[in-house]
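Lettered A, B and C in written order, each chain numbered from 1.
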Amino acid sequence: MTDAAVTAPSPPLWRRLIGFNFITALILGVAGWYVGWFGAHAVVGPSLDYFGDIDYNELSVYLAYLGGVVGFLVGLGFLNYPVRRLLGYPPSLREKEESGWTRYFSLCTDHKVVGIQYLWGIGLFIFIGGLNAMLIRTELLTPHNQVFPAGTYLTIVGMHGTMMMGMMTSGILGPFANYFVPIMIGARRMAFPRIEALTFWLLMAAGVVLTSTVFFGGFPTGWTGYAPLSTQANPGIDNYILFFALVGVSMTLLGLNMIVTVLTMRAPGLTWTRLPIFVWGVISTSVLMVLAAPILIAALGMAALDRTAQTSFFNPAIGGSNYLYENLFWMFGHPEVYVLALPGFAIVLELLPVFARKPLWGYRLAVSGLLGVSLLSWFVWQHHLFVSGINGDLRPFYMLSTELISIPTGFTFLCGMMTLWRGHIRYTVPMLFCLAWFFNFLIGGLSGVFLSDVPSDVTTHGSFFVMAHFHYTIMGGLIFTFFAAIYYWVPKMTGWELNERLGKIHFWTMFIFFNSAFSVLFAVGFLGQPRRSVTYPSNLQFLNDWVSISAFLLGASMLVFIFNLVWSLAFVKKPAAANPWGSRSIEFQLPSPVPVHNFDRIPVFSGDPYGYGEEPMPSLTPAGAPAGRD
Amino acid sequence: MASEPTAATPSGESTNLGLRVVVAWLVLSAIATPLVAIYVGPLIPPGNGSVQAQGQTFSNQVMVGLITPVLCLMAVFFAYGLIRFHMRANETALEGPPIRNDSRIQLLWLVITTTMVLFLAGFGTYELLKDGAGGGQGPDPIALPAHHHTAFPVQVIGQQWEFTYRYPTLGGMESNQLVLPENTLVVLHVTSLDVIHSFWAYQLGVKADANPGTDNVAYVTTKGPLVFHVRCAELCGLWHGYMFDNGFVVSHTAFTHWAARAVALYRSIKPYVNRPPEKGGAPFSLTYLPAPPGRAG
Amino acid sequence: MRVGVKLLLIAAAVLAAGIAIGFYVSHLTTLAGSPAYSVPVHNVNGHPVVDLEIETVAAVGSKLSPNPDWVSYLVRTKDNGWQRMTVWDLPANATVHVTWFNFDGASGLRNPYLGRPQGVVANHILVYNKPVDRVDPNLASHTFAVPALGLIVAVPGVPDDAKHPCGYAPCSPGKDSHVTVHFTFHTTTPGHYRWQCFVPCAAGWLYGFGGPMQTIGYMDGFLNVKA
């Protein structure tokens, strides 16, 4: 494949402003919003008079935001290719391949560009979610005075949880799987490059939908959106419903893309037992994404219908049941949290061999651990409903299945620990984050054992103990490995090094303050403080203040990271070596940053990337071999 | 990059180091577990306010006792490993022994973890089925304490944003204070008039979600006189955080006096309760009486 | 790009982010809140006494709120006008005499038990100056309840055939049809006491409890009891 198509001179800036680009997308998005808003009013009259004089046209909120999202996507050019095909044009692979910084603000089918878009986009919304967390802890500094009105506090809590959950489901798959899975399997692209770009822009549009909930009064349900409170709420809950529906679509497509890519586009010689463990993690996560997200979309669709069309899915007074929502939501929700946890496992297992200079111990056991978690996650969801009044016969079964899931999780621990055993460990910044994963996920997992035991769950359900548990597993497990992946792979992605000392400062401050904040929350929960409560008994104030101060310092540690990022990537700009970590993985045999076409020739695999101490690294371009077309 | 296997026979050295870790772990666990049991054990919630709370406390204590050795193992392994296997300055070219697997260790790990898990599941099931552990079991409870037929019924009604309590055996008297007699098996029927709430009586060790239109049954056997905190544990709207109260377990004589006063106060409003709408009952009145077991989630 | 230009761009980005965050947070602090009104206190034999006059209206109107059809409570302020404020400062250990004008029709209590006045002095309220120890739950229009003080008072609704129904707030006891209720309660220790209405009258929301029923400044508020 020649480079002619990709290195043609870019048109001048003014020319690029006309046509399908980010600015057009914003304009069409706003236009679409108004079309939806006024269209709904024209269709169903000035106000929907279903429950009474509601004073608000619910349908208009949905149609407005749907119109806005569709307009935004059309403006970026996502309809161009389908329309061209409908008009009879032949299929083509790449639409635009311009160079320059505007690629990152447009529909670009280069998977590496999408990976970097994801990194910054998710980073932005996680920053917003983190700010909401700071606001929560500000409110909880004292039980007596109110910083925010009580209803606003619930909106802040809901926004923090919803934004984090929605964004972090694609937190590792989005940036790093999109960038590196094709490279790791020896391909030049993903199976569906346009869908890949779509998943990113859907997520960005969804983030805007959620942040604008404050203009519609916020939502009082927290991230779980239980009916019938959601049916009763202000129009702000429509933003929440639409956000999660869009995230669900994005998740489904992302998972689908990953699975098809790995199934069909592996290079010669790459058998399943030679696949990097990171790719196995991506597969096990993607299966969950594809199967679980549609359940969420269905549940949210029913909630939207209850709100707009007065259906009775979740309203017991007219024949529905709140249990229906709870079960549907958690049937999605439990695989969802494994969507969050599994990439963390995969990153740890991928990085440990590099920094311990030893092969990954127990490769097949690790793979069965990942797949086992993936499979078992479907059979545990009712542990969120132990005291909800579910059929009593179910509870021992779900107790057993939830306890069982700790067995495949343990495999990851065993393989990681045995990889470290007798290795030669280098304490680089990515390694520090991976080691912190062991500590954090251990505490998170063991607290999960408490929650899986029904008598113990009666003590702790709905309290801050649950909060501490999932923050240890999700933040301690996923976010720490997210940073490990950033420090490990960003030099490869951008071609610039990140400052190691700043990275270590970031790690230690984050680790210390994270543990300081969340370990105390176990005690707070044990002492009886319920979740999502704006006030608490006075005797818990000291502990809450400790947590709040630690949380503020934890937020400050993120500023160290942001400073490092900006400083290293924009000012210092020290070129990164091709293989700074001495990794045997294939992406580190390529230059930094990875060239547009990935490989000169499609590689042929002869082993897995964990042969430390076994044989010399096979070269990507063997000496004497002619460089040529693939 | 050339690789250099370590000088000593891999398996021999591994076994030696492994034994060191195992011995250190056993010693540390033998010290730590009793210390935890003695000093941390009594602090474990929710305490001994009721028989069910006592059961929960016991479950929690057993689990704390079980996870102590696990934490010790991780602590010993990482404290030892991260120091012993740290790459020294003169080892930067060294790559570790190419050990990819050891099926004995895999089997051992699998057996130990599975045993622990099955034990926990069995233990938890036993504790749960013994007396319900204070949790809500839906309209069709299966974990029934002894003599549950003669349990003292109280209906807990959650609404936005207050709990009220009806006593069917006291003429359907309703009160906004939960008062219970000591040393009695009480059956709580928890329901809601609007959205999902959750009745959490901390010192009694009771937690049961209040679902609209459903009866969620929880058993609790009270012990001595007690003040307990009632909180709402499921987000239910604006004042969820303020939906708390104090409840009381009192002696039988005190309970009789209180009940007499409360029934007298209730008499004035009683004619209006549960009057069907066609007979002039309040249009929203959904005060729910415990009905025969019905459908649930 | 030169270093100076980069620094300028970053400074601009930080400034823009700071402004956006500040705007967002300030929007949040005012979202559906209510300013506090200090009810005037006078002393009787060294004991603080407060006269609190409140009214409940069926529709608050567009001058007082972006949601003109929402029900609301209003409080009579020092200048004899009515303000839509539901956070009131009261003294601790005080006697509070409440005069309550209700301009709204009946909706009915969801839980009829709440028709019995509780936590009031002498265990009864005065409706049209006659002592009453219960309000027919079907005829209840609104309640004033402070659960932490054990205070629950329901007010009957204006009959449907009333001669001068009030339109939008503020409603005037001199002109518009209303029901007047008097009761007295005591404040105790200083603190933050929430109050709410228990009659689910928010038409258009499921269970009648959304919208104004869940918004401070309308049908919910705080008593800031200060020493």
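Note that in this section contacts are C-beta pairs under 8 Å (C-beta built on N, C-alpha and C of every residue); 3 or more make two chains touch, one makes a residue touch a chain.
Here the structure is a predicted model, which is why all the values come from computation and not from measurement.
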{"item": "Chain closest to the middle, measuring from C-alpha centroids that were averaged per chain", "value": "A"}
{"item": "Selected interface, A-B versus A-C, where C-beta contact pairs are more numerous", "value": "A-B"}
{"item": "Centre distance in Å when chain B and chain C are each reduced to the mean of their C-alpha atoms", "value": "38"}
{"item": "Cα-centroid distance, chain A relative to chain C, in whole angstrom", "value": "42"}
{"item": "Centre-of-Cα separation between chain B and chain A, whole angstrom", "value": "30"}
{"item": "Multi-chain contact residues (two or more partners), chain A", "value": "150-151, 220, 228, 232, 317, 535"}
{"item": "In chain B, residues with contacts to at least two other chains", "value": "194-195, 237-239, 242, 286"}
{"item": "Residues within chain C bordering two or more other chains", "value": "194, 207, 209, 214-216"}
{"item": "Contact set on chain A toward chain B in their complex", "value": "150-151, 153-154, 220-222, 224, 226, 228-229, 232, 316-317, 321-324, 326-327, 356-365, 385-393, 395-396, 399-400, 403-404, 406-407, 410-411, 414, 417-418, 420-427, 435, 438-439, 442, 446, 449-450, 452-459, 461-463, 526-528, 530-537, 582, 610-617"}
{"item": "Complex contact set, residues of chain C against chain A", "value": "3, 6, 10, 21, 24-25, 27-29, 31-34, 67-70, 191-192, 194, 203-207, 209-211, 214-216, 222"}
{"item": "Chain B partner contacts - residues on chain C that touch it in the complex", "value": "107-113, 115-116, 118, 133-134, 136-138, 140, 145, 147-148, 150, 152, 194, 196, 198, 200, 207-209, 213-216, 220"}
{"item": "Of all residues in chain B, those that touch chain C in their complex", "value": "157, 159-162, 164, 174, 176, 193-195, 237-239, 242, 245, 265-266, 268-269, 272-274, 280-287"}
{"item": "Chain A contact footprint on chain B (complex, rising order)", "value": "1-6, 10, 13-14, 17, 44-46, 52, 55-56, 59-60, 63, 67, 70-71, 74, 77-78, 81-82, 85-87, 91, 94-102, 105-106, 109-110, 113-114, 117-118, 120-121, 123-125, 127-129, 133-143, 190, 194-196, 198, 200, 202, 205-209, 211-214, 216, 229, 231-242, 286, 296-297"}
